[in-house]
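For reference, the structures are reproduced in the following blocks.
The two complexes that follow have chain A in common; it is paired with chain B in the first and with chain C in the second.
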Partner chain A sequence: MAVTVLAIIRLHNLVAVVMLSGFYSLLAATLFVVLDAVDVAFTEAAVGAGISTILMLGTLALTTQHEKVRALPRFPLILVALTGVALIYGTADMPDFGDPESPIHEHVAPRYIERSAEEIGLPNIVTSVLASYRGYDTLGEVTVIFTAGIGILTLLGVRRWRSRKPGPDTATGDEDRNAAGGDRA
Partner chain B sequence: MTIEIHPGLYNYAIVVMLMMAGLYIVITRGNLVKKIVGLNVFQASVFVLYITMGKIVGGTAPILEAGIEVYSNPLPHVLILTAIVVGVATTALGLALVVRIREAYGTIEEDEIQRQDEAL
Partner chain C sequence: MVLRVLGKMMIPFIMLFALYVQFHGDYGPGGGFQAGVIFAAAIILYGLIFGIHNAMRVVPPDVVRVLIAAGVLLYASTGVAGLILGANFLDYDVLAKDPIEGQHIGILLIEFGVGTTVAAVMITIYFAFAGRQR
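== the complex of A and B ==
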């Protein structure tokens, strides 16, 4: 993943950058499988590596494919390095990786693991929590997607529909985008 | 005050490195599409942070099955599932803004957009 990120930083061809970002998402998805988060891995592979990449390629088709090469200032590198050191210092008190005794595993999760089978009746605990215990969260998520869809429509869709007569050659990229937006919900 | 970074915390070091790489892209690159890619890199590093915190050594995926005692924590998985989907919604909105900016200014490079604004 680190190599991919370095390549993303260095490259100026935006198509390559977008492909690498999809690859980065796919690597993250495989990492999630290793870390027992199979549902997250599915979603990351489908949404992060799939839909995001398609949306970005669509944007590149509508805009440009090359980044302007410019001189890089030194200051951001120092700033980012300092922030990184501060963050690593902040993690010194965190529990060890994989420690079953860490606070995150002590409070809510054991109840989900012990009771969700009888209360919800689904073998997959992630589904039980997502759809039932934290159902309002998911409702909020759907609201966010709906709002984003409306935002995209107001930015791109309606204006074109008014300014041009609808014809076979009208902005196919937008229709792809809106179709993808509908699928995400 | 001593600072101990022991080997059990390596996952946080990886996350911080990926996160800072994403932040660096967002700060230094003037191209708007590349900024959004940087934002995605940053976002994915946060996902990795949460999922590594949910992992228990020797645990399995949180799907109930007879004979399995230790499950990894399902709660971070749920939160990150929501976050991934919200993340792609914001990415899509950002890219729509980029397309709109390109139509209005003819470029997606930040400095050129600023120059045009100053010229007005």
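== the complex of A and C ==
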């Protein structure tokens, strides 16, 4: 993963960067599988490695393939480095990985694990938590996606689709239809 | 040519897999978010191979736009149905006589809402991006 990130920073060809970030997502997904978070891994592989790569490539097709190289900006670099150091310092206070005494394992998690089978009756606790116990949050997530879709529609326009007549892109489709028509004739 | 034949073979299975992930999310890994994305991927693959205008003929953008809102509405109205039946918002216990069955129905409905919205939004974003080219 580190190698991928370094390559992403080094490369200036944005198509390669998009490909590598898809690859990074795939690696992250395998990491989640190793951590037994199959649902998260699934999402990461489908969204991170799949859809977002296509959407990024679509964006590149609308803009440009090459990054504009500029001098390294000093102030943001220092700011980012300081934030990074602060965050790493913060992790020192976190409970050890897999510590059963850590707060996250003593709050609501045991109740979900013990009671969800009788309360919800689903073998997949992730789904129980996501859809039932935390249904309100998931409604918020769906609304976020809804808002994103509306935003894209507003920014990139809708009406152009309707006014546009099928262009040269549809040549293959037209051939198909002609061929089918020919067969029938 | 190879792409088109392979695509034709793959797309139905991708869609079937999306439906499996959608409705089997209660028992295995998966759920509305993943299923929506996979379903959208099938449509996008179709668009990439056969051209976006053919994809738009299969899945009209107008319909997809309605589906974006329909998913959220399905989710929210499942919650409201709980309210009307005398429980809290998004409490599915009252949707059926047996609380567990109610939970099943509720989760199935809201996951379907999630899947619809996610798939519709992804397809819309793809259409919006790819439809602008040239």
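Here is the rule we go by: the second predicted complex is superposed on the first by the 157 of 185 C-alpha atoms of A that agree within 3 Å, B and C clash if a C-alpha of one lies under 4 Å from a C-alpha of the other, contacts with A are read in each partner's own complex, and residues count from 1 in each chain.
As a convention for this text, a residue touches a chain if its C-beta (ideal position, glycine included) is under 8 Å from a C-beta of that chain, and two chains touch if they have at least 3 such contacts.
It should be emphasised that the depicted structure is a prediction, and the values quoted were computed from it without experimental measurement.
In the superposition on chain A, A:Asp39 contacts both chain B and chain C. Look at A:Leu26: by the touch rule set out above, it reaches neither chain B nor chain C. By the document's definition of touching, neither partner reaches A:Ala49: not chain B, not chain C. In the superposition on chain A, contact of A:Asp137 is made with chain B only, not with chain C.
Legend: residue contacts after superposition of the two complexes on their common chain; A:Leu62 is shown touching both chain B and chain C. Using the contact criterion defined above for the overlaid structures, shared-chain residue A:Pro123 touches chain B and also reaches chain C.
By the touch criterion defined above, A:Leu14 lies against chain B but remains apart from chain C after alignment on the C-alpha atoms of chain A. When the two structures are aligned on the shared chain, A:Leu156 is found in touch with chain B and with chain C. Residue overlap on chain A between its contacts with chain B in one complex and with chain C in the other: 38-39, 43, 47, 51, 55, 58-59, 62, 123-124, 126, 130, 138, 141, 145, 148-149, 152, 156.
Residues of chain B touching chain A in their complex: 3-6, 8-14, 16-25, 27-31, 33-34, 36-38, 40-41, 44, 47-48, 51-65, 70-78, 80-82, 84-93, 95-100, 102, 107-109, 111-112.
Of all residues in chain A, those touching chain C in their complex are 38-39, 41-43, 46-47, 50-51, 54-55, 58-59, 61-62, 118-124, 126-128, 130-132, 135-136, 138-139, 141-143, 145-146, 148-150, 152-153, 156-158, 160-161, 164, 166-167, 169-173. Chain C meets chain A in the complex at residues 21, 25-31, 33-34, 37-38, 40-41, 44, 48, 50-54, 56-57, 61, 65, 68-69, 71-72, 75-76, 79, 89-90, 92, 99-100, 103-104, 106-107, 110-111, 113-114, 117-118, 120-122, 124-134. Every residue of chain A that touches chain B in the complex is listed here, in rising order: 1-2, 5-6, 8-9, 14, 17-18, 21, 24-25, 28, 31-32, 35-40, 43-44, 47-48, 51-52, 55-56, 58-60, 62-64, 67-68, 70, 72-73, 76-77, 79-81, 83-84, 87-89, 91-92, 94, 96-100, 102, 104-105, 108-109, 112-113, 116-117, 123-126, 129-130, 134, 137-138, 141, 144-145, 147-149, 151-152, 155-156, 177, 180-181, 184.
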